[in-house]
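Here come two complexes built around chain A, the first alongside chain B, the second alongside chain C.
For the complex of A and B:
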């Protein structure tokens, strides 16, 4: 065979996926497929909608308008009003939820009689459906037979019944209160889990070092809580900024424009004015704002952990 | 410096008594080791001295001052934990400085004290690192630094070396001993490691079931254990304990096994437990009792050899012999035992006779 060219086996190419990776890909594929259908497709479709002037009162004409819908939003006074209302609502809800969650977590992290029952009861508001929560608080605030009026009048703190949700200065805060009532338990639970992981020896060392209760909270608990706090802040911000159900049930954006938030604006634009193009564009703006805010929070808090 | 006096201090958790009417005086500048197995009450005792556990009954005095109800930071104690308990978010510098900051010490003084301590413990190059960036040994040095920086009169150490590997443990042990010599403060050290206790302590309190079984110097505890528990807890390999009785001729007897005892060691017929430390055997010589046994297992350790032997019918013993002894498994050997070095305990109470 002299002179014949022998084909030398070249270096064996490594398969693109290893055995484990291939198996993992097979197992993950159904989930990815479902997600593509139920998440990716609607996201891409709504983006397509946001680039067209789609109004359901003239369903057959849907011209491509590029980013005109987006530009129109920023010229719309209602949008900026909704941004300010949403900002107030989100800041109040997230701040109060986080603060209360820290206090409740600190309380429930201590051993005392009834601590287990209280921990279980804590979860009741969280387990209550949003619609039920909205209706419950609407009844509590009711101007004629509401519990809040009855309580305050009987305590002598109020002279006569008043329409709480009809007061534009209070509406957002009262809806925020209903949101806090429902959202705080989960936040507290997340913080309790983080707190349980703090080694007891750290507290003991701090006691021996001379730290009082407040100093122990600042130097031991708070630094250890940061991962939990970041989770709570990001999650609560994402939830609050997009809140819709409480506004639908309790005030429908009113009185006047007192609770006219971004979610409510999107709802009005899409399902009442039937302008799906601008509605989709607004949804995209809201989604991007939520994403950017969460990213900023994670970066800001992540550096401090 | 401070003398610590525990006057019948008791700690109860519900119906469980963790420490039972403990009377213990720890002298000025003494290195006291509380030694015992898990659950014996040694850490609870330390925590009561620190003020981290309330005392259910009794009084605790520092010098002549009653500190039973004083919070930890008013007792001028420093504590080192098994888990190091370093603040994870603070740098080494901030960890060491923390107790001084809490006492509102001037900044320049804190800087000076931290630098001095870091030099003493050879951790000056680690001052800007966080605990997660340190090895176990380095973390324990930082924990020691945090303890010594404020010059307390009492140091409390809760198994500080248990999380370290064997080599590091040895070097840290020397470091702690040097620290004690230099600071001359009162040290209370909790451990279940007999080697740590023997090498570090001025005195050892061996504890079991919330009670002090024996309080003595390391040499005293090893040479004259108060009961079988103490005898078995100290020494490696463990002391040989054989149950039997005193024969009419005054020797120890169990079946065919006989061993001569010092004259009048105990009444003939009395049920006793014999204690024989593995190293208390040697070549036969006049004045030594003869112990004949069949070698069951030979374990050479390089510096010495451990023999597992069977004497009499069923008496299994471990002997520590020089490495030059070339014993074969199955061989019958005869060794000499100094009767004066044997230990006798009452078979019922386990107390030393």
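For the complex of A and C:
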């Protein structure tokens, strides 16, 4: 940014590769090399794979099929089923995460004794490995010894123990609950940072105008929270739409097809049916869909909130 | 505050207390239940109604899964159950300890290499005014726009063609691809906050870029460096999908893979699964609480700017 001054055309021409350029090239080279091998090349390779009919059970036969793999996806009933499951899961996860994060941010933005301890606790779910998150909730939902059953029965809200994850109507919501638990802290942290930036004067002015707590939240906090909320909504959507770990650990797509999401479909297609061509094509479709959706969300929210 | 009537202040305190209690219950409750269950025998966790707290401190579950290798868990012996706790040992219990070391090894390599690679690149992009610096930055960040799931298939094929399937090296390289762009992003925003005059003074004193980086930028960015090390280690320690696809046996499997094996084997007793979960949760949670300040400032670095 300070280059404007040095860039002025002087009497001497700058050499083609000056000291700065040479050093920058050396400093940047290792990262670029690593990312080329493990990020850029696989992305392009994946596209090549998606244009071929590669089935690992017939390794020597890999004909070029153009966009057939892509067209086949849209005729696949499982794909549309997965789209609807993913939509339900994503909408629930994002909505609940955002709502809870706003509440938690409001709480932790206050100054009170113990606030620092609570802020440290907030990082516990964030740091929990997703595999442990999955087994922890699976244990809580356990049909015969789970905490959820025990709590509800002891409180008199439930008559007899239930197989929670075995109920097709509840599975997606229960997995979403586990996901919310882990994802909420980061969202809350982002919102707290945004809240801290709101000038106190705004609240004082609102108080002078006679606004109560809720009016102050609606008219001062919420509008100022816009950038933070947008970030949270977009980030959580991108995470949820392609979430995989909990589905493998908790339900493996079941019961029946109750938690058959897009990432689960891609996993099954690729590593169980070993159809790498269609698997790669599905990955590309999901990647493009995520990309377009976040772009649309940013544009739409930018206008709306 | 002193002049205000007492009733609203009491109301506020009560409200904060209630919400704090709900918050603690929600955030810490599930983990507390996991820890409590891990300290109970199979007979105790299957009691109805459940024991909220372990009747006595019993580390038998941990002992059983950590020393499983010496006990020769075969189909016959695990059917008899573990005599100490009365449960069915997971068939992969012998892999737990090796996978713990694998996780640790990969995590430390990723943390160290991630920092080494990112520091130089972030310095170049943040400080040096060279042609193509924006292009470099956008290229690095763009690699993270593609969802992991789209990378799994090609990465599997690339790693397989390189003959690296089922090696720790494959995991290290893969995790670097995940962590480096984020670390570069954090370090750039930190380096840009360091006064430009310090850099100019160093250059006038005859420092080259390497010495400016070593003597000016690095000493001043300790918090960002700690945050980057922590993120890289945690990402690597917690990662599941890539490890699942890229590893096959005890030579390279990490903790999450072995534990997920416990969970999906439905004959396994939950007492051991819970104990394994507690083992996996301790390092990241301790790190998170220890480095809380750095982590929060690192995580929110991007949010403040934009």
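In this text, the second predicted complex is superposed on the first by the 275 of 305 C-alpha atoms of A that agree within 3 Å, B and C clash if a C-alpha of one lies under 4 Å from a C-alpha of the other, contacts with A are read in each partner's own complex, and residues count from 1 in each chain.
By our rule, contacts are C-beta pairs under 8 Å (C-beta built on N, C-alpha and C of every residue); 3 or more make two chains touch, one makes a residue touch a chain.
On a predicted model such as this, the values are computed, not experimentally measured, just so you know.
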Which of chain B and chain C A:211 touches, first, second, both or neither: first
Chain B versus chain C as contact partner of A:134, first or second or both or neither: second
Residues of chain A touched, compared between chain B and chain C (which is higher): C
First (chain B), second (chain C), both or neither touched by A:202: first
Contacts of A:152 with chain B and chain C, given as first, second, both or neither: neither
First, second, both or neither for A:224, with chain B first and chain C second: first
Shared contact residues on chain A - chain B and chain C: none
Touching residues (chain side chain C, partner chain A) in the complex: 13, 16, 19-20, 23-24, 26-28, 30-31, 33-34, 37, 45-46, 48-50, 116-118, 120-121, 123-125, 128-131, 133, 136, 139-140, 143, 145-155, 157-158, 173-174, 176-177, 180-181, 184, 196, 208-210, 234, 237-238, 240-241, 244-245, 255-256, 259-260, 262-264, 270, 273-274, 277, 280-281, 284-285, 287-289, 292, 295-296, 299-300, 303-304, 306
Complex contacts: residues of chain A adjacent to chain B: 199, 201-202, 204-211, 215, 219-220, 223-224
Touching residues on chain B, where the partner in the complex is chain A: 47, 50-52, 71-73, 77-79, 81-83, 85, 87-90, 98-99, 102-103, 146, 156
Complex contact set, residues of chain A against chain C: 1-3, 6, 19-21, 23-28, 30-32, 34-35, 37-43, 45-46, 49, 103-104, 107, 110, 112, 114, 118-132, 134-140, 142, 144-145, 147, 150, 153-154, 181, 185-186, 189-190, 193-194, 197, 227-228, 231, 238, 242, 244-245, 248-249, 252, 263, 266, 270-271, 276, 279-280, 283-284, 286-287, 290-291
